[in-house]
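Letters A, B, C and D name the chains as they come in the text, with residue numbers starting at 1 for each one.
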């Protein structure tokens, strides 16, 4: 191949790249606050978490821009007085793509902050990028505690509690209500999230009930959709408690296939993240199922002006859809950012605050969310802890809704590890320094 | 005894499902030598169509429930019957003279396109068709409740298998299909209209995938992301059974179903891996699969 | 005269058809042997077994004292037995030159070195030599798939002799070549070959056979029914009635 | 074009790429590094394509390379990027040596399918491996570059981009020389007519095996580069969709020239990132349509598989 062709091909490539380079500088600084939301708009995560989360973010951004919609302190216009420009990025496509997208978001498209990630691998991969580029990244859903327990970050935050409390709270409920729990079984998706949940739950159970023993552990593939054999195995082992961290379509399929086989009779199935299937399943959701919502979200949310506004606005805007944990966790994160940016802007004489100023404002922040009072308590003020609640399902034919009854609420310090203790060790040591009400 | 029965029964139910879902892929592979990565999307489309129809049909409670199932199957078949020829005539046929692997790439592109297409048509909110699931009641086997619908799956799979077998071995075009599977070049040399066979085979393949989706719809929540798992599972079945062998697919489905049920009951932590494990063993022992012929380039 | 190829009780059958029925024959170095016989008489099967394409059901093939029965074509080629094909086996998408370069590269061992260029003096020299001796110069840069049948035949033979074989088997070298060109082709081949090369060639044209062979093996029904100098064999009554169909 | 000219052209290209680096915005540098890493892998595919084989499971070696480098960093405390990338290449090579003999017997779609199956096996195994972070994978530390990153404060992404450039250009240059060697021609011969190759006295299996191992080595280095620039490894690297991209790049580029591979790779990354920027709800569809369009309407892009080639490469000094 003659040199000339090399040159041609090469220059072609170069010119495209450099052109894009220019394009990027153009749109970097505007007098708006560009907020990127990364969440699943396609694939298995879209229905239950991705799209509802994006809806929630979009709704809040619009409300901020109109101003005066939310109760104080969130009634100020925009973010730090700046108009919010929120746009969504699909989380589907693997970590390489996500890291590329994150770099594009900060570097090319000039986003001032990004809130995102349902998948733990994307959280793990994204955090160092934000740190390297010194840009704000708020993780809103991924479960793994590894992020702030294995690393320290300045610009990365998680405005929601990690998955440990979901399982500790569940175990505590079982203990507190003295439910039969000597024989414990579990069915969890066979990937990191499922395995972490099961480890936490099983160890918590053993700590809280020394007679508890594991009767069966099942590991369906994520996205399997077929649970016939697992259900048989569970029925056969006949444990008194069946723990599961299945979610979304998998959880729905599991319930649809398990209910007619009496899996939910004469035992408690404990679903740590269940509220998002209440509305889709409706009357198909069995009664007396032990459920959590990864925080005081959805049906567990305590009455407050903010929560009333949130639920009403969401149902109004999205055709009667009831907000579940994903919208709540997103709202929680967006509101944390709102508060921090407002604070930082005020401190900055009303001018657009820098990432460092926002980071400072976020560190150790305490704020009100629809899900109650949240506190950046762990990871040097970067990892939030929040209260959690567990209850039993009850179908209400009148309201045509699945409600939660016999709810137990657990203070944040009761179900989350204290500062500088790894979740795993905290559970293994029997919850030292836990402050329960 | 109870455990054995349960393992066998669960394995059989699983195998029936796997067979219906996977056999279409084998057929297409055998005839067109295309590893159809979009197979799972046709499954998903079948499920969506069925669920949509079920939604309309059961909306008014007084319709006879049994007919709903028929309607679901019929409608998904109909859509497959349109989609199959459309894609084969409209796209694949232009590429047959290209390298086979390009066709794999084409189906990969199809996979990407259909992923979003289904989402744009049906959105991300779930669709349900659970009414037929309770159609056949349920019964107790050794004290374990089984849903009649799942047991009917076994009957359905055997039925489908027999129809397919008869269709291939007892009808003229079926025999032609087998001839093409056996030796493509020879068949065209003998003047068999291979392209016509391609349309037939591809359509039947899409057909079966869609039916798989339709019969599964009642027991799942139909929503984005159905495709990937199915295509991987079917792919494993094709490899285990031997590339392009129908009998192979049947046996492989049984092997996978039973080994999965064995694993879940006796060695649960291996569930995710068991299919790959069987596949690996098969590759190690008989790389061309149980019923596959060694396909070395002649030397 | 020393024996180069010694075949003993060679047997091969495809189902009911017996392609080689206890064949025993000795070929001496320097002989130029024509193999004649009707289609299905076992000529090509014989060639295929000697060159390892087919594995004999029984019997032995000994090349200069070394038993090569059941060896792969590759090993037999390395042992000094090369062949051309009834249907030329060439690299159709490549040019005449490239075909020969691959062949020469393999025999010289350059084809095993990842970066050995095609321009090495030795290679170029033997390339030019081949192109000239086989009259292929004008087709040098033509893609083989576009070459006329006769030229492909020549190239096929040229490619097969690059190893400098001691025994060369030509499977119907003149088939598919226009009658008037057959002699030219054979002349080119014969003149291009070193004198000491032993040649076996399968041929249907009896004029070619009588002109170019020092010895003829007449195959019939998997057996050699006549063996000797061409004039003798071609006059053999059974050869006449079964093969050449010439009047007695 | 003589080898000297090729090497000159390569050096010029390398210089240009390195000079370009500092002017690129960070995201583009990252994109460049990833594209080059994938391009290096696709280059390996072309090596196999020339002997008529297309692997749909090259993600296996990409992944093995990534984990090889990553684990050497995390467990072996080796941080030098160059060492890590070579280690990645070698782990790919070893995997190739192990699997090669099995696959060297297969052709066409059967080869493609079995490679795909094997890569999915590795994907499944890694998802189960808790010690390797399971499906979440592991985060890596920033690699070092002989201390340059301290002294000159050079950004890790740019450093890896530069390293990728060097490896890409070097391997492209070597392969370019190889393709016009006798051995390079032999690969084409294997694709055309295995019978003749065997009768010439050399082993087809061996030739294919060698090409396969070379491809595995390149994929290993590509995977290592991807792992380093990403700072993270997870089983996704071995997923079939990853392999699909390599195939696409190889097809899109064809065998017109080794440079085309990298242009194709960069193009794919650009299309991906811009389609997800502009059509966040249909980026997969956009990508798919892009692929189909290329396959249908750019047959020259796939000249390699059409097996129609004119004139002597040597005479015209044009790349095979």
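Convention: contacts are C-beta pairs under 8 Å (C-beta built on N, C-alpha and C of every residue); 3 or more make two chains touch, one makes a residue touch a chain.
In UniProt terms the chains read A = Branched-chain amino acid transport system substrate-binding protein; B, D = Branched-chain amino acid transport system permease protein; C = Branched-chain amino acid transport system ATP-binding protein.
For clarity, every value in this text was computed on a predicted model and none was experimentally measured.
Visitor: Quick one: which chains contact subunit A and subunit C both?
Guide: Shared contacts of subunit A and subunit C: D.
Visitor: Give the label of the chain whose average Cα location is farthest from that of subunit D.
Guide: C
Visitor: Nearest whole angstrom, what separates the Cα centre of subunit B from the Cα centre of subunit C?
Guide: One centre to the other, that is 52 Å.
Visitor: Let me have the rounded angstrom distance from the C-alpha centre of subunit A over to the C-alpha centre of subunit D, please.
Guide: Roughly 36 Å separates the two chain centres.
Visitor: Would you kindly tell me how far, in whole Å, the mean C-alpha position of subunit D lies from that of subunit B?
Guide: 33
Visitor: Please list all residues of subunit B that touch 2 or more other chains.
Guide: 115-116, 119, 272, 299
Visitor: Two-or-more-chain contact residues of subunit C, please, as numbers and ranges.
Guide: Residues 73.
Visitor: For subunit D, what residues touch not just one other chain but two or more?
Guide: 127-128, 195, 198, 241, 281, 283-284
Visitor: For this structure, give each pair of chains that are touching.
Guide: A-B, A-D, B-D, C-D
Visitor: Quick check on the complex: what are the subunit A residues that touch subunit B?
Guide: 41-47, 50-51, 190, 216-221, 223-226, 228-230, 232-233, 235-236, 248-249, 252-253, 256-257, 260-262, 280, 284
Visitor: In the complex of these two chains, what residues of subunit B are touching subunit D?
Guide: Residues 29, 33-35, 37, 91, 94-95, 98-102, 104-106, 108-113, 115-117, 119-120, 232, 235-236, 238-239, 243, 272-273, 276, 279-280, 283, 287-288, 295-299 of subunit B touch subunit D in their complex.
Visitor: Going by the contact rule at the top, pick out the subunit B residues touching subunit A in the complex.
Guide: Listed in rising order, the residues of subunit B that touch subunit A are 2-3, 6, 9-11, 13-14, 17, 115-116, 119, 124-126, 128, 130, 133-134, 138, 144-147, 150, 216, 219-221, 223-226, 228-229, 260-261, 264-265, 268-269, 271-272.
Visitor: For subunit C, which residues count as touching subunit D in their complex?
Guide: Going through subunit C, the ones touching subunit D are 51, 72-74, 77-78, 82-83, 89-95, 97-99, 101-103, 105-107, 110-119, 123, 140-141, 143, 159-160, 162-163.
Visitor: If you look only at subunit D, which of its residues touch subunit C in the complex?
Guide: My answer: residues 3, 174, 177-178, 180-183, 185-186, 188-189, 191-193, 195-203, 307-315.
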